[in-house]
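Please go over the structures that come below.
In the two complexes below, chain A is the common chain; its partner is chain B in one and chain C in the other.
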Partner chain A sequence: MLSLKQTRHLRTVLIGSLAWLVALAIFFPIFWMLLTSFKTEIDAFTSPPQLFFAPTLENYIHIDERSDYFHYAWNSVVVSFGSTFIGMLLAVPAAYSMAFFETKRTKNTLLWMLSTKMLPPVGVLVPIYLLFKDFGLLDTKLGLVIIYTLINLPIMVWMVYTYFKEIPKDILEAARLDGATPGQEIYRVLLPIAKGGLASTILLSLILSWNEAFWSLNLTASGAAPLTALVASYSSPEGLFWAKLSAVSTLACAPILIFGWLSQKQLVRGLSFGAVK
Partner chain B sequence: MKTCFTPALMASAIALSTAATAATTVTIGTVNNGDMIRMQELSNEFEQSHPDIKLDWVVLEENVLRQRLTTDIATNGGQFDVMTIGLYETGLWGERGWLTELDNLPASYDVDDIFPSVRDGLSVHGKLYALPFYGESSMTYYRKDLFEKAGLSMPEQPTWEQMREFAKTLHKPDQEQYGICLRGKAGWGENMALVTTLANAFGARWFDESWHPEFTGPEWTKAVEFYTDLLGNYGPPGASSNGFNENLALFNSGKCAMWVDATVAGSFVTDESQSKVSNDVGFALAPKEVTEKGAGWLWSWALAIPATSDSKDAAREFVTWATSKEYAGLVEQKFGITAIPPGTRLSTYRNDAYMNAAAFAKTTLESLKRANPNDPTLKPVPYSGIQLVSIPEFQSIATQVGKLISGALSGNMPVAQALKSAQSVSEREMKRAHYIK
Partner chain C sequence: MANLTIRNLKKVFEGIEIIKGIDLDIKDHEFVVFVGPSGCGKSTLLRLIAGLEEVTSGHIHLDDKEITDMAPAKRDLAMVFQTYALYPHMSVKKNMSFALDLAGVAKSEVESKVSEAARILELDHLLERKPKALSGGQRQRVAIGRAIVRQPKIFLFDEPLSNLDAALRVQMRLELARLHQELNATMIYVTHDQVEAMTLADKVVVLNGGNIEQVGSPLELYRHPVNQFVAGFIGTPKMAFLNAQVKASDAASVTVALDSGPVYTLPLDGRTVKVGDVVTFGVRPEHIQVADAGVSEFSVKLDVTEHLGADTYCYVKAPNGETLTVRASGDYMGRYGQEVSLVPELAHCHLFDAEGRAIPKPGAPAQAA
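Let's look at the complex of A and B:
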């Protein structure tokens, strides 16, 4: 018979082990991609797959010689941060009005916004392509910023709305009694309280924009193509390409992974502090 | 007056000098194949000899490129000045006026040096709409060492029945040696290329003279039953998910005794840096059965100029350069003689140095000579194309049929059911497109 202390200890160990297993299962594809990027093309295709092999940097050297990585990376940075910035500028006031000045149509508006995410993108490819062509937005970073902002806006509004809903109205009323204008209310009261939630929204929007492939492949050529287009260029219909594709995918994932890792502390701190947590 | 005049004059001079030195940008959409990558690497040579032209490359995965180019060309997007397209698209897009006609090519280009079958495939009503970058047929690759050890001999053109006998003898799955590797992955450009040539050899055809599909006929039934039996019993495990690249990897690692696929693989399987069996590969023509017609396919990756390009002259300069004899010489000089893009120019195959260096060249040449897209089947057909049917609806029909045949190969459904579904799918599409009532 186990004592209470031992039972608790066992439960902690079991939950810990389970968490490790889940984490490893999620991390495994990334680990395998990283491993494959250091293999030769023959080693990458060898069956059964090898865990131990003579590592090589030839794939990274090949990518460096063939592609201008920093051109693609810069495009990714501009469109991801640009669309996230504009998206937040629109999402915060929209969520503020919906969370604190709710009308009978608010719920329907929110649902309608979300319903636009249910449309398969390919269904509107031709109209969007024609619009982009007419406005001279094809193969421009501005074009991608606009489309990414529009794609991510419903989710951003929903997320910010959910965080704002958790904030008691009394806090805002108190600020209003002290003479705060709506702008000051948002900027000085709401944003500091909801900063954890806003940080998560920003990070999610960045990740979604960084990884988006359908529109970036269809609306860009060489000028504004982001990292997703670079990754797509390494897949080949005739010839071995797994190792090079893994190397370029590693390079494409690295910036956003590092960014996420660096902002992890702030994110967790932001989520666990505040007026209502 | 004087003070106003001087800056205006300077501004005009700057504008004029900028215009005089500004290079025309040519945007090229292409795929990530070895030959295309070499072309990209040699683009500096072109830019040096044409300082007024700058090349921009958009390299994409084949299906993504096809979708991207189709959207751009159908909407007059004008994003590309040069497009890498196949034999299939050239005919369809040329017919619709989406491509620029490539007439009046300079005498030095020697258009008559291009393989007649490839040139015909890239022409509409006798007018050329794309220039071939490389061409391919299909052929049989086999392991000479394994054949010798087993006392077998590969004829110049085996029959599929002989292939089955060879595969049966050489299939040793416990040693990870499989009798035969063939495409099984669903796709109109994947399994359907191989299956259609196999069906052609069995006397089958996609449509009769009045465009009625023939999947439930005895020829298709026999062909697909043979294919699933051959690959199911003597192929590698999971053959239904193997395409060109997967089979290439299997063959190069010594796991396939035989492989029937694109002639372009000749340079890969004989390349020591990527093949463990580079010295043991033998070559034969693609297998026949009741007929030789349509036994080997015909495909070409070609460079075309969309009608929407605003830099047609510069694009034309590039396209003629990249498909010229001069370019072949440049590739030979930089990458070695076997790296010359295959299957486009007869002069390549008249070059003794090439024929001696490339062990696969003789069979490639013979395969390309025999491939006739205008007479692809035993019975007459209303279409051209060997492994494809040159109508816009083909891509959609063949994609669906490819999934059904891949399903039959993996054992998800019986062959008869797959062919019955293929028949109804193709009948529905052909009715919708008003080919039949």
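Let's look at the complex of A and C:
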């Protein structure tokens, strides 16, 4: 028989190993992509795949010659930050009224908003495309900002609502009695308390917008195309070039990965929903 | 000046009337306690006064100003919440100065008001801390401090002590009483605990089901409850209620026969009852004595006895199964199951008619039904 201490130790080791396994499984594709991006196209095709090879920068040089990476990167930055910013401007007041002035219909409204996420995007592609064409929004950053805001809004409202729900109503009422206007109540009391949750909402929205491919591929040509469109352009009819595709994907993921890594503490705290107390 | 006048105040939540037409006057410097069982609408009434809930109908005046529909901040009231509701991201000092900062009060004045409040509440050494780093009692004091700095016309408290442990509750109760004297303020205090109501109040408002049952000083309520609800609610242990029937009555006395045996004549104005009426006989544990079996006609059986030191509470059972509590001296030793007899002090006993209304003392003004 194991002693209680031993059992506990064993459990820690098991859970730890499992976590590592899962993490490795998730990380492996990224690692492989990074590795492949430094291979020649020939090395990339060798079977069985090699772990050791002579690294080369030729893929990156090729990409730099063929396309303007920073043009696409800038588009990605503008549309993800822009849509996140506008999304938060709308989500905070919406979540505020839903969390603190709840009515019988609030829960249904929230569910209804989320349910729009269940619709396959391709189902509304044609109407949206036509709308964008009529309003001159095709291949514009503004168009993407609008569509990303609308896509992510339900999730943002839901998340912010969840964080706000954790904040005792009394605190806001105290502020109201202390003479705070609704604006002051939100900016000086509510937002500072919920900042952990808001940060992770912002982060999630940035990541979702950054990685969005369906709408960006269908609604942009080159002018407003973000990095996802750049990646897609490398899997073109000329045939698949694995190494180059890996290199361009690495370049597309890198900014958001670094950004996410820098703010992971914030993210973990926000996602664990322990924002207050 | 802080005279609050409430007239025919009603509040409906989702079609249900929670506050059913309250009339109440609160005078300057009074310590008024709203007491009643939980769910009776105490908090709702307080929140209506504070402006945190919208009034359905009726009027609230503060001095000669109507505040019924005024924004909470404009009413010149401060509230201390049951959960304290401190701003978790602000230091103690910021918590207390928030209202003044919002009002644009000069820095030096804010500084002096906060330090004055901190001195009164002995919070000086905690000013830089965040609420998280405070004990329950300290948080409570910060919440009170936040109210004090605003120098409101009326302080509102919603069960401020209910989250504290028993010892701290007694201490904070004393501090609140002292604060009331020191600030010479008007306070409205909500509690479900009748001991807090009795110890703190100048005026107790007993609420039940959205109505006021009785308003009066603690002793008035204790001595002259207008109905059975108030009689049962005020006083610990509770007043015992025994079924009885009227045998004779006139303007100065009522004779009743208890279902449990004895016949008593009480000095009450019996003109509102007639012979044969079913009534309830009420007696507090402290107004009845235990004696050896056979001493009186009211013979009962001892159930459990509780020795508290100074007093002993005897739970007794009448022959017809009715139970009552009796207070005996600390050295009273009764055996479980022992036959004893009871001697009530008839001058302190109460009678309630079939609707639960108290039968008044002779000469007392007739109670409004």
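Things to note:
In this section, the second predicted complex is superposed on the first by the 252 of 277 C-alpha atoms of A that agree within 3 Å, B and C clash if a C-alpha of one lies under 4 Å from a C-alpha of the other, contacts with A are read in each partner's own complex, and residues count from 1 in each chain.
Keep in mind that, in the parts below, contacts are C-beta pairs under 8 Å (C-beta built on N, C-alpha and C of every residue); 3 or more make two chains touch, one makes a residue touch a chain.
Quick caveat, the model's predicted, so the values are computed rather than measured.
When both complexes are overlaid on chain A, chain B and chain C end up sitting side by side without clashing. Looking at the shared chain after the overlay, A:T109 reaches neither chain B nor chain C.
Once chain A of one complex is fitted onto chain A of the other, the partner contacts of A:D139 are limited to chain B, with no touch recorded for chain C.
With chain A as vertex, the superposed Cα centres of chain B and chain C define an angle of 150 degrees, given in steps of 10. In the superposition on chain A, A:L240 makes contact with chain B only, while chain C stays out of contact range.
By the touch criterion defined above, A:A180 reaches chain C but does not reach chain B. Looking at the shared chain after the overlay, A:L130 reaches chain B, while chain C stays out of its contact range. In the superposed model, A:T46 lies in contact with chain B only, and not with chain C. Which of chain B and chain C touches more residues of chain A is settled by the count: it is B.
Minimum Cα separation between chain B and chain C in the superposed model: 50 Å.
Applying the stated touch rule to the two superposed structures, the chain B and chain C interfaces on chain A have no residue in common.
Every residue of chain B that touches chain A in the complex is listed here, in rising order: 27, 29, 31-34, 37, 40-41, 56-62, 64, 67-68, 71-72, 74-80, 189, 244-245, 248-249, 252-253, 255, 262, 264-265, 268, 274, 276. The touching residues of chain A, when paired with chain B in their complex, are 41-42, 45-47, 66, 125-126, 129-130, 133, 138-139, 217-218, 221-223, 225, 229, 232-241.
Residues 168, 170-171, 173-180, 184, 188-189, 192-193, 276-277 of chain A are the ones touching chain C in the complex. Considering their complex, residues 50-52, 72-73, 77-79, 81-89, 98-99, 102-103, 146, 150 of chain C touch chain A.
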